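Both complexes shown next keep chain A, but they swap its partner, so chain B is in the first and chain C is in the second.
So, the complex of A and B:
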């Protein structure tokens, strides 16, 4: 089982790399170098804050776009191109193994991408601040949360990919990401409602993936301490939510006729 | 033991905007393929050949009936270690080289890592692709992809090889190579089940064939026996002034070249034809049984309603 999972995951990673997905790193490098040079000219206190905001947001956004655009095709593209026939038809590969392998492969791609970006990001922070201290370890927490974001959005894009066309899947995935970014606000609105509306709104607000809780970019830019409890809760939340989404993907895919 | 045992396997699809209409892709099919035989599944487009293969391989789920492959239920995933499959018009991961693709499939099939490279090289050599082993598939022609498709179907040394239209899109040389390969696989003791609408290939290769049309089995049996059912005509070649008249009167289909008459008529009318020719003093050159082709059988069967079991 491990051998099959790793083979599918590695093939997914290799496909992304050979399809030049990592070329986005060039764009990121240009952005971060340009920003460092530009902000180096302005006030010492602000330049670091702006660079951290910009750098971490770029790492997050580049990854989210890649996760959605590749994730929505993970299953549907394989069905459309019929490449999965030779995998599922005559190899002892279970459908859940295929889903899990594709998921792990894309998460691996996004992780490598984010880590390479992070190296550039830390270099830019060092260039602007002239030093890196223990306090900058908080930046790693923000990057860890960004990786959690990728895990969650990849699972969601994969779920849509099991039953929908790439166009609709991308619309669903971007929409749910946008709504999830305001998950805390939705919960706030729900608390203001009464009766049945309150119950329905609360249910809907908690069903939406909470991307807001994973965004600590502003806090780390302003050196606000991230509590270890938040790290633990976010980790648990993402793993449970992702597990549920992947289970739903497998449930749908196991029942699908591959015509 | 039968390599494939199909018992009343059927498939219906829901169609229409409200998915309230049922379309039967395959009517209840009962069929067995014996161990070590080359079995052909024939039929025009939309006959149900590909649906049968997809049902056997678990790509689509049956609406009814059951099937066993190598003695195990088709739902048993472990049986797939012993199956090789070439889909119709195969598509592969074109970012991979032929070598990487076969290595990937061999890994998925659970081939021992120590033997993997050897088996991959052997499969590539077998389809004449050694020189292109390190070329990405996106640079391959259709014929080369078909060869890689066959290589991936045999890389893990399966007991049963299922080929969906293996000759489709190949030039005459490629078709000949596939035919030779199927024969080689059969000589190694493997069971080969393939679907085709190229009847001459089936006639050359198959021990038995099944004819499907519109999702229904129309006939199954040994090729020679099936043909015997269709034939029964003889060709009479003769000459003489009254020859044409004598044979036309018996309902023969006649072609005249100079004073030579070639007439095809049912075998049961042969005595009457010979009597008529003798009476009219015509000169008899030859009498030859007309050999029916699988195409004759095929065309005769696809118009019929009831399945016909011949020496199955």
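So, the complex of A and C:
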């Protein structure tokens, strides 16, 4: 099983890194990180804050775009090209292994991308601050949370990919990402409602992915300490929520008639 | 049970378990982030910049900011906060993004004007917000009413209040008693009769039970203020005649200054403490300005739960 999973994951990774769009996006993100150095210089006394805000936002946004655009095609492209039938029929690969392998492959791709972009980002921080200190470890927390964001959005893109066309999948994925960034506000609104509305809103607010808690870019830009408990809870949350999304993906994929 | 059904049940159970765990974890995450120190920071403080960044979708953004105002105020109010640092900038942002959003001026001015913990205790900011609303919506007569209310009750400036009511009364469709209020304030600057007139009008013209309850509460408090003024005059008269404070109401009654022990509108006897008339239970009268025990100021009292809406909503 492990062998089959890693084979699918590695192939997914290999296929993704061949994509030229991926490199364009990474290059663009790195350009923005570089531009933030210049942008910081023309602002008054906040060049480091601008660099952190703009740099980490670029890493996050471009990673999300890459995750969605590659994630939505993971299953549908295989169905379209009819390569899926070869994989599932000719080889002893179970459907859940196929989904899990595709997911792991894309997460691997995104992790490598994030690492590349982070190297560029830290080089820019070093250029602006002239040194890297212990305080900069906070930036790693923000990057770790961005990686957790990638894991969540990859799982969601994959879920939509199991039952919808690539265009609709990308719309759904972007929409759920946008809604997820307002998850805390939604829970706040739900608390203010009464009766049945309160129940429905609370349910919906807790079911949408909690992207809000994963964005700590502004905090680290202002050197606000991120509590270790939040790191632990966010990690657990992302793993559990991803588990739920992957279970749903496999469930749907198992029921699909691929003939 | 067939194999397929067993598999389906397994998936369903697994999904429910994951989702339940994720909900429990979100609740924990919310607890950790509830005292986030950056919550009191407005990342983009310039309404004009946000307006440009909205790419034309300023209406939607204004709605989002307005909901954030309500949420911010609600959470602060619930926590009985004494400071509402973001309230004015958030309202400014909302009304710059959508200058026609009347509820933002209407309720926003209440949030800003009321004394902490009921509100931000910044009536000047409330007046500024409503003036901005009037500039953008000169035909909205209620905004003049809001402004008059703030000047009259919060800033104790009867002349400006009268002017606001007067300007509002000229707007087509304005409530007829706007003109009466303007005249009454100009003639009897700040007198209790004017307040009684106003709250009686609200009581009679509103169908909202909360507003009616609030108006009734205000009227009872005004009656207490009026009672205390009369009773204090009698007690002072006793003190002048006898060269000492009365020890109780019986002495004042014996001197023929009162007929019986005076009762407040909730049927509790007024208290006589060291020559001063006080209410027995000040918490029952959250808006009184007279007869409070020493050390308590008007506006310090806990009122009805929830913020007090003190204006007509027609």
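We adopt the following convention: the second predicted complex is superposed on the first by the 239 of 259 C-alpha atoms of A that agree within 3 Å, B and C clash if a C-alpha of one lies under 4 Å from a C-alpha of the other, contacts with A are read in each partner's own complex, and residues count from 1 in each chain.
In the analysis below, a contact is a pair of C-beta atoms (placed from the backbone, for glycine too) under 8 Å apart; a residue touches a chain by one contact, two chains touch by 3 or more.
Everything numeric in this text was worked out from a predicted model, so none of it was measured.
Once the two complexes are overlaid on the shared chain, A:257 sits against chain B while remaining clear of chain C. Shared-chain residue A:233: touches chain C; no touch with chain B.
Look at A:11: by the touch rule set out above, it reaches chain B but stays clear of chain C.
Using the contact criterion defined above for the overlaid structures, shared-chain residue A:188 touches chain C, although it does not reach chain B. Looking at the shared chain after the overlay, A:77 reaches neither chain B nor chain C. In the superposed model, A:19 lies in contact with chain B only, and not with chain C. In the overlay built on the shared chain, the residue A:93 is in contact with chain B alone; chain C does not reach it.
Listed in rising order, the residues of chain A touching chain B in the complex are 3-4, 7-8, 11, 14-15, 18-19, 81-83, 85-94, 255, 257-259.
Against chain C, in their complex, chain A makes its touches with residues 183-185, 187-189, 192, 206-207, 210, 213, 218-219, 222, 224, 227, 229-230, 233-234, 236-237, 240-241, 243-244, 247-248, 250-251, 254. Touching chain A in their complex are the following residues of chain C: 7-8, 11-12, 14-15, 18-19, 21-23, 25-26, 28-30, 32-33, 36-38, 41, 43, 67-68, 70-71, 74-75.
Taken in their complex, chain B has these residues touching chain A: 13, 54, 57-61, 77-78, 80-81, 83-85, 87, 89-93, 95-96, 104-105, 107-110, 149, 152-153, 158, 162.
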